[in-house]
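One chain, subunit A, links the two complexes that follow: it is found with subunit B in the first and with subunit C in the second.
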Partner chain A sequence: MKKALLYKELKKTKRVWMIVFLLGITLLFYLCLKAGRSFRLVGMEHLWDVVVNRDQFIFRDLKFFPLLAGVCIGLAQYVPEMVQKRIKLTLHLPLKERTIVLLMLAQGLLSLLLLFAAQIGGVLIYTAIYFSAEFIYSTLITMVPWYLAGFTSYLFVAMICIEPTWKRRIFNAVLATGTIQLVFISSFPGAYSQIIKWIILIPVFVMPFTFLSISRFKEGEQE
Partner chain B sequence: MEPIVECKNLTHYYGKRCIYENLNFEIPKGRILGLLGKNGTGKTTTINILNGYLKPKSGECLMFGEKSTRLSPAAKQKIGLLIEGHVQYPFMTISELERYYSAFYPKWKKGAYFELMNLLKIDRKQKLSQMSCGQKSQVALGLILAQDPELLILDDFSMGLDPGYRMLFVDYLSEYAKSGNKTVFVTSHIIQDMERLIDDCLIMDYGGIILQMPVGELLEKFRRYRFKCDSPELLTGIDGLYHPVTIKGNTETCSMLDAAGLKEMLKEKKIEVTSFREEKLTLEEAFIGLTGKY
Partner chain C sequence: MKRINSLIILLATLLLAWGTPALYHIITDKAADYAFTYYSSVEQSFCAISYDDEKEKLVRKNVETGKKYTESEFDSILPLFYYRQLLSDGRLPDTIGGEAISPREIGLKTFYFRNDARDKNKPHIPLYTLFESMSGRVNLEMPGDFFRLTNNNIEFIDPETNTVKHEKSQNFMDAFNRSGFQFPAKLVAGNPSPRKAYDEGYFISDDNNRVFHLKMVNGKPFLKDTGFPSEVKPVYMATYEPDDKSFYAFVFGQNQKLYLLTTEQYKTEEIPTPPFDVNTDQLLIMANPLYWNVNVTSDKGKEIFALNAGTKEVVDRASFPNKKKENRIGSLLLPFEVGMEKSTSLFVTPSVKWGTYSALLANLFFALTFFFICRIKKYKKNRFSLIWVFLTGIYGFVACLAFIRK
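The block that comes next holds the complex of A and B.
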């Protein structure tokens, strides 16, 4: 039963996942090419100077990609459920409601994890070739909040889509914007290194709100 | 007979608008109950409460003895649900839908589903999104029959079906329900279909239930009477007379009383009638007689 439910979730998100995956890989490839070109034109020493002493981050263009990926996967997964209130079919399946919702979220989060892992993997391999271990660590610490924002945006999209009233959807969207913005206040490399454990907690805290939307949907809340 | 569905003291409001108060009804095992009502009388509200997708202001619905808002997976497995508009997943093909749902229902009847699908003459690899409205409806109905549930809840099942398939489906469903001792709760805008299908009818008007009784009994007892009457204004408000209307001296009304009983009652009230005629009704006519034309 669980496998069948995951199959349906995969059917919905497969195409969007592929597009986002290709977009992510293309973007990464472009940034690597751009960095490689800089190596050749200005020399490695200068680039090192820019990166280490002037705190320029060569992968800063990836900043909003995870956010976009989270929104796209979320929309692909939950909009079809809300059109004609098809989620009624899903919730009527002979599984516990909590299991159904957790499986849907797990499928979405896992597909994002795969996207992000591929991209982070590419970044780490590239940096490992040209930079020191400290720089690799700094790159990771700089990028992790962006990817956490990607998971958070996905969870917010789930919460907003399933919510049955527009008024509350708008409120949730404002809440989502405010929460996610916290991670994008500073562009300084490693700016969030001291509070990264707290940033990890953001998606953990957002996740239960999907159940609130489900509960409001089941109670038949209307405008 | 043990009730499969019990609705107790249901009260629901949308804002300040009362849909109904203290609605009570039961669906006994093995019966086909049709819910009839004009637009806005609360049919879909009742179905939504029954399915657990609407919390009533007060009261509760039990299905297989469990609260409809907290059905166990075992209870959900026994309920086939057709959502208004024959909603299904448009991104799946006929075969994919079959494979998907078969994983959830142990009594899944693949043959029954494809037997119905073959009538559509559609490629099994065709997506639902590429089908006509009527074809989508037939797929949704086929999936429910393949599920082989003990209780079928069909909201406006005839919507989008062409006349031939509607009749075929009504006959198929009727036979399927009777041979398998299934319980069915059904709504439809087309009352002629209901007459062929249902055992009992539950007729709703604004604010509550007008009656719940076997269709046979209703059609046997409920009659339309036409007569000429000099003082039609006296007919208004008489218990047992439904919606008396007089146009150019010709009065039309419906009643559960037989002709002799009605004549006797009118005589007691000193209302003289002439050209008295009694007519048997179809379910649709009985419905209009009970709820009024307007």
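The block that comes next holds the complex of A and C.
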């Protein structure tokens, strides 16, 4: 049954996942080409100088991609459930409600993790070839909050979609905007380095919220 | 589910405690209005330019006597600040305060050094550019490598190949070994800009708080212990390239004192400053051949010392307290403020600023209003929410109303 449920979730998100994956790889490829052009035109030393001494970040165009990916995967997975309230059927599967929700969330989060791992891996390999270990650390510290925003946005989309009332959906959306804003306060490279361990806790904190939406849905909350 | 709802209310409250004050400050904040102040070598007192909001014009006056000046008169009483204007008008005196001073000397000994807390408190990739200090060229050229200081050595990296330059690294490492430098380095200060007039390399404090001077001279390492007093633990250093090449750097000690590392065999001079914290306050030194104007701007206001440029003794001082008042509505409504950014740091760090006791009254009002709303709308009894609203005021009130379980 668990396999069947996972297969259903996979089927819903497969097409969107492929599109987002290709978009992510294309974006990364474009950024690498752009950086490569800079190497040829001004040389590596100038590029290092710009990054080290002028606090520029060459992968800054990736900033909102994880957020977009989280929203897209979330919508692809949960909007079909809410059309004609099909989630009722899902919740009637011979599994514990908690297991069903956890499996659905786990499938979405894992597919995002795969997406993000591919992109971060590409960035790190590229950075390791052309830059020193200090750059790799700085790149990672700068990008990690963006990818956490991706997971957080996915979890909030699940919460908002499953929520049965529009009024509360709007409040949830405002809550989501404020929470996600926390990781986009500063664009300065490494700005989050002192609180990175706390930033990692944001998606963990947000994860149970979907269960409340499920509970409200089951209780038949209305406007 | 009750616990999850409580988590949502907690998150919403914190976000409101962050967003509401931020919005409030965007609407109400006014800049601290400090007049530009400079010590007059003619009047022997501070003179200031400020903007008169009522008359909508600039007012130039002597801070002590209150005497007002026209623009032309003001140029004359601050000849070391407006020397180019006076030179252009043919009004630059030959002697100021009994001392003969030429325009060239004024140009050489005039500098402006500004240190903002953000210069220190910012993320940085620990790689450094070491220029050739005696290239014989007017313009500095990029050296073709960057150096890093690890826990036990110095390494030069070639950016073209992303590999360590072993021979150069070894040459410099030998110099570090010879000089008795104790790794790891605690502080590294230098100016990596090739646009500066000349290069004096880096000042590095070692594990024993000794300050070393590192340069590259004709491709070879130059590393020397400056003899900076080791009992003064440097917390920050800022190099500067004055035109007269009289000093290398400003060193900020753990004792909240400022030192000047001079080019005269690394002699250290203590620079008297108003009370100053390098982590929060702004320092501005406006120097001329006769006086140094040392400005410290903090939350409390702006304080200025005028120092004798030769002896660095304080000859005059002035202070301008921060007149910015907390808006009444804000202090009444907002029990506390959550901040994620500081004007003194480029790191994102959370902080909480507590409000005044008067906010408790507002909190009580919100708690009572919440209680009556719950009764009228027949919501479930929830003591937690009521206490939460009393503790967090307007933030908890809005969060609980939005996310209460009915």
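The working rule: the second predicted complex is superposed on the first by the 223 of 223 C-alpha atoms of A that agree within 3 Å, B and C clash if a C-alpha of one lies under 4 Å from a C-alpha of the other, contacts with A are read in each partner's own complex, and residues count from 1 in each chain.
The criterion applied here is as follows: a residue touches a chain if its C-beta (ideal position, glycine included) is under 8 Å from a C-beta of that chain, and two chains touch if they have at least 3 such contacts.
Because the structure is predicted, anything quoted here is derived from the model rather than measured.
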Joint occupancy of subunit A by subunit B and subunit C, clash or fit: fit
Touched partner set for A:Tyr147, first subunit B, second subunit C, both or neither: neither
Subunit B versus subunit C as contact partner of A:Lys88, first or second or both or neither: first
Contacts of A:Phe59 with subunit B and subunit C, given as first, second, both or neither: neither
Touched partner set for A:Pro208, first subunit B, second subunit C, both or neither: second
Subunit B versus subunit C as contact partner of A:Val51, first or second or both or neither: second
Subunit B versus subunit C as contact partner of A:Ile185, first or second or both or neither: second
Centroid geometry (CA): angle subunit B/subunit A/subunit C, rounded to a multiple of 10 degrees: 140
Partner chain in contact with A:Trp17 - subunit B first, subunit C second, else both or neither: neither
Touch count on subunit A, higher of subunit B and subunit C: C
Partner chain(s) touched by A:Phe116 [first = subunit B, second = subunit C, both, neither]: neither
Minimal inter-chain CA distance - subunit C and subunit B, angstrom: 11
Sites on subunit A touched by subunit B in the complex: 1, 3-4, 7-8, 11-12, 80, 84-86, 88-89, 91-96, 217-220, 222
Subunit A partner contacts - residues on subunit B that touch it in the complex: 14, 48, 51-55, 69, 73-74, 76-77, 79, 81, 83, 85, 87-92, 96, 99-101, 103-105
Footprint of subunit C on subunit A - complex, ascending: 43-49, 51-53, 55, 129-132, 134-135, 138, 141, 168, 171, 175, 178-179, 182, 185-186, 188-195, 198, 205-206, 208-209, 211-212, 215
List of subunit C residues in touch with subunit A within their complex: 1, 4-5, 7-8, 11-12, 15, 18-19, 122-129, 142, 144, 146, 148, 157, 159-160, 162, 192-193, 340-341, 346-350, 402-403
